[in-house]
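Before anything else, here's the structure in question.
Naming follows writing order (A, B, C, D, E and F), and every chain is counted from residue 1.
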């Protein structure tokens, strides 16, 4: 409660993706996803911010060591997404359309087990400086 | 609840304004608003961020198409505020002092009807890199 | 409730610090704090954001005058922390390890009495662009 | 030559302006300046960067004390332009259209006499994050 | 000379690419390009800055109308590169490896004829916030 | 000449320092360096940009591999300056006052031998977002 604190850590990765739902017609895909439906892919410099909330450890003065948090983000997300084609190279998007919303949800699930359960977790993902998402809300 | 997500979209506009309450004396206006009370106006590059919260559409993977959200922001706010004098050119500020707080509230009301009612809405407005507001809190 | 708004103000200061708990062994300090345990100190350009939440004053259109908020932040924090060694020059860290978490908590306490009690207060502190904290959560 | 160095200092100011040449017709002004010709003004958060080039003082390790440079920029530019209407409140723009180009040239002339003549001087002025100028080229 | 000025305009586009020289072996490509050689592509949010240098038009106070410059950049570069796979969708990279260096050179050639010949032109291209190029030097 | 290009790479490090010339009196040091003369040190998040200029290698499309450039910057500068007290921990500043100007010159000399001699080299060092230097000019 009152004495909870949040710690944020930012990492980045660069990836290609395509927004396409194979269950829809080409016309529907073009209408819904516009330029993002390009069959040859396009890409982004993603900025990933993870927010962890809980009680400060009074011995260390840390909620969580940001170096450790950074390592978990690198192991579970950056090393697996960076310089990759999300649709083709990352198994989590085999049947999941890599919108920023779905990506944030996938990243949350990849990280949740790696962060102690008494700590709350949120994922903020910037697809561009002007488009970003936060999960869970 | 757990599966709600937030999507953010950023747009910008440049405008002039003056902070002045005609119901107060010149001395009171000078004391309250300082340099912002200059009768000849001054101006800012405003950055407007809109945050929309709700459930992901599982067919599209979108909460809301950021292109559509951008279009609503442009139609309701940017096209009406950009390169304008807020006090003289924008009817919403005829009797409302264009502080960042009042601007965020005006923008919220302009956008609320254009965003589906099941989606929550917040407006974040940067007057400068160092001064910004969020409405509702 | 619905009509509450938040105002944010950003200030900065540059300081040196060392993370070290004298109650732990040197090995434990090295393991926990890594490079941040350097006995000769290192330093940061801190960015301090204060978030104040409450009701708009309908006469002024302000929640709080950001100039006044800036002055309080400068008097209570910037003037006392800027170009200082946090461990040696700032009494609040005599027995408190200056992690970002503890710094945010100290800054909250320094500011809480200077902001009207009907206004909520949060402190966001950037130690680097990639590591930051928010207190209370 | 080889051992010259450049020092940059950034300051900011917020101002209103209008682009209008009274020697041209209203149609010509509208065609040339578009939205920037709004008779009621609009405004910007200007970022001003001054670049000074010369030899390091080997006693101090400074080319120029950035605190002094900051003070000159504040005295000659920020205090005279900030929260002002450039067209109405700043004498230098009485007969000079306040385009970013002309503003950089005016600022250069205001600063040139205040910086030692053996130091080269350049002015970089950001009107927005996306539009900026450098004088002299 | 003395009275020349430079005007900068920034635009952005998002694209996928792969660094691969078909004249080299797979081993050589892997060694030279590392992760950027991924056959399934990766991508970036590119920021493109164009710098134009020449004499101010004393009637308009402009070196070049940044709106016109923006339009040329959009027509020649952004509309042709944005949300594209540079290797597959952009003819200029059919036989040119889309490194940042080659991209800047291609963009320079696309823009050179569209900017008056008495104006000097430079292209600055950010592939990430940490990697960028300027052509010609 | 015409076909030269520049490549920039940015890295960062955090360090403590003190500006003090032991050949001057305490009064002179206080007057020249102000708050930066604090005997207990203060610190900064430094951003280091290295600019390399030369001819593109037509086989690779690179002027220089930014990964290699990054490695040189890390080996010669970041690993030796990061989380250090520049005055006490870095031999290059034993008799050199760690102003931004002197730091840029020291960094230039550390890197010059590690970059091929046919490539020009410049060092840009940000001490804060508002104070930065470029060497050689």
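In this text, a residue touches a chain if its C-beta (ideal position, glycine included) is under 8 Å from a C-beta of that chain, and two chains touch if they have at least 3 such contacts.
For clarity, every value in this text was computed on a predicted model and none was experimentally measured.
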Touching both subunit B and subunit F (chains): C, D
Labels of chains that are neighbours to subunit A and to subunit C: B
Between A-E and A-B, the pair joined by more C-beta contacts: A-E
Distance between chain centroids, defined by C-alpha means - subunit B, subunit E (Å): 34
Cα-centroid distance, subunit C relative to subunit E, in whole angstrom: 41
Where subunit B touches two or more other chains, by residue: 129
Contacting chain pairs - touch in the sense defined above: A-B, A-C, A-E, B-C, B-D, C-F, D-E, D-F, E-F
Of all residues in subunit F, those that touch subunit D in their complex: 19, 21, 23-24, 32, 34, 96-102, 104-105, 129-137
Subunit B-facing residues of subunit D, complex: 12, 14-17, 35-36, 38, 40-45, 82-85, 88-89, 128-129
Contact footprint of subunit D on subunit E as seen in their complex: 2-11, 53-54, 56, 59-63, 65-67, 120
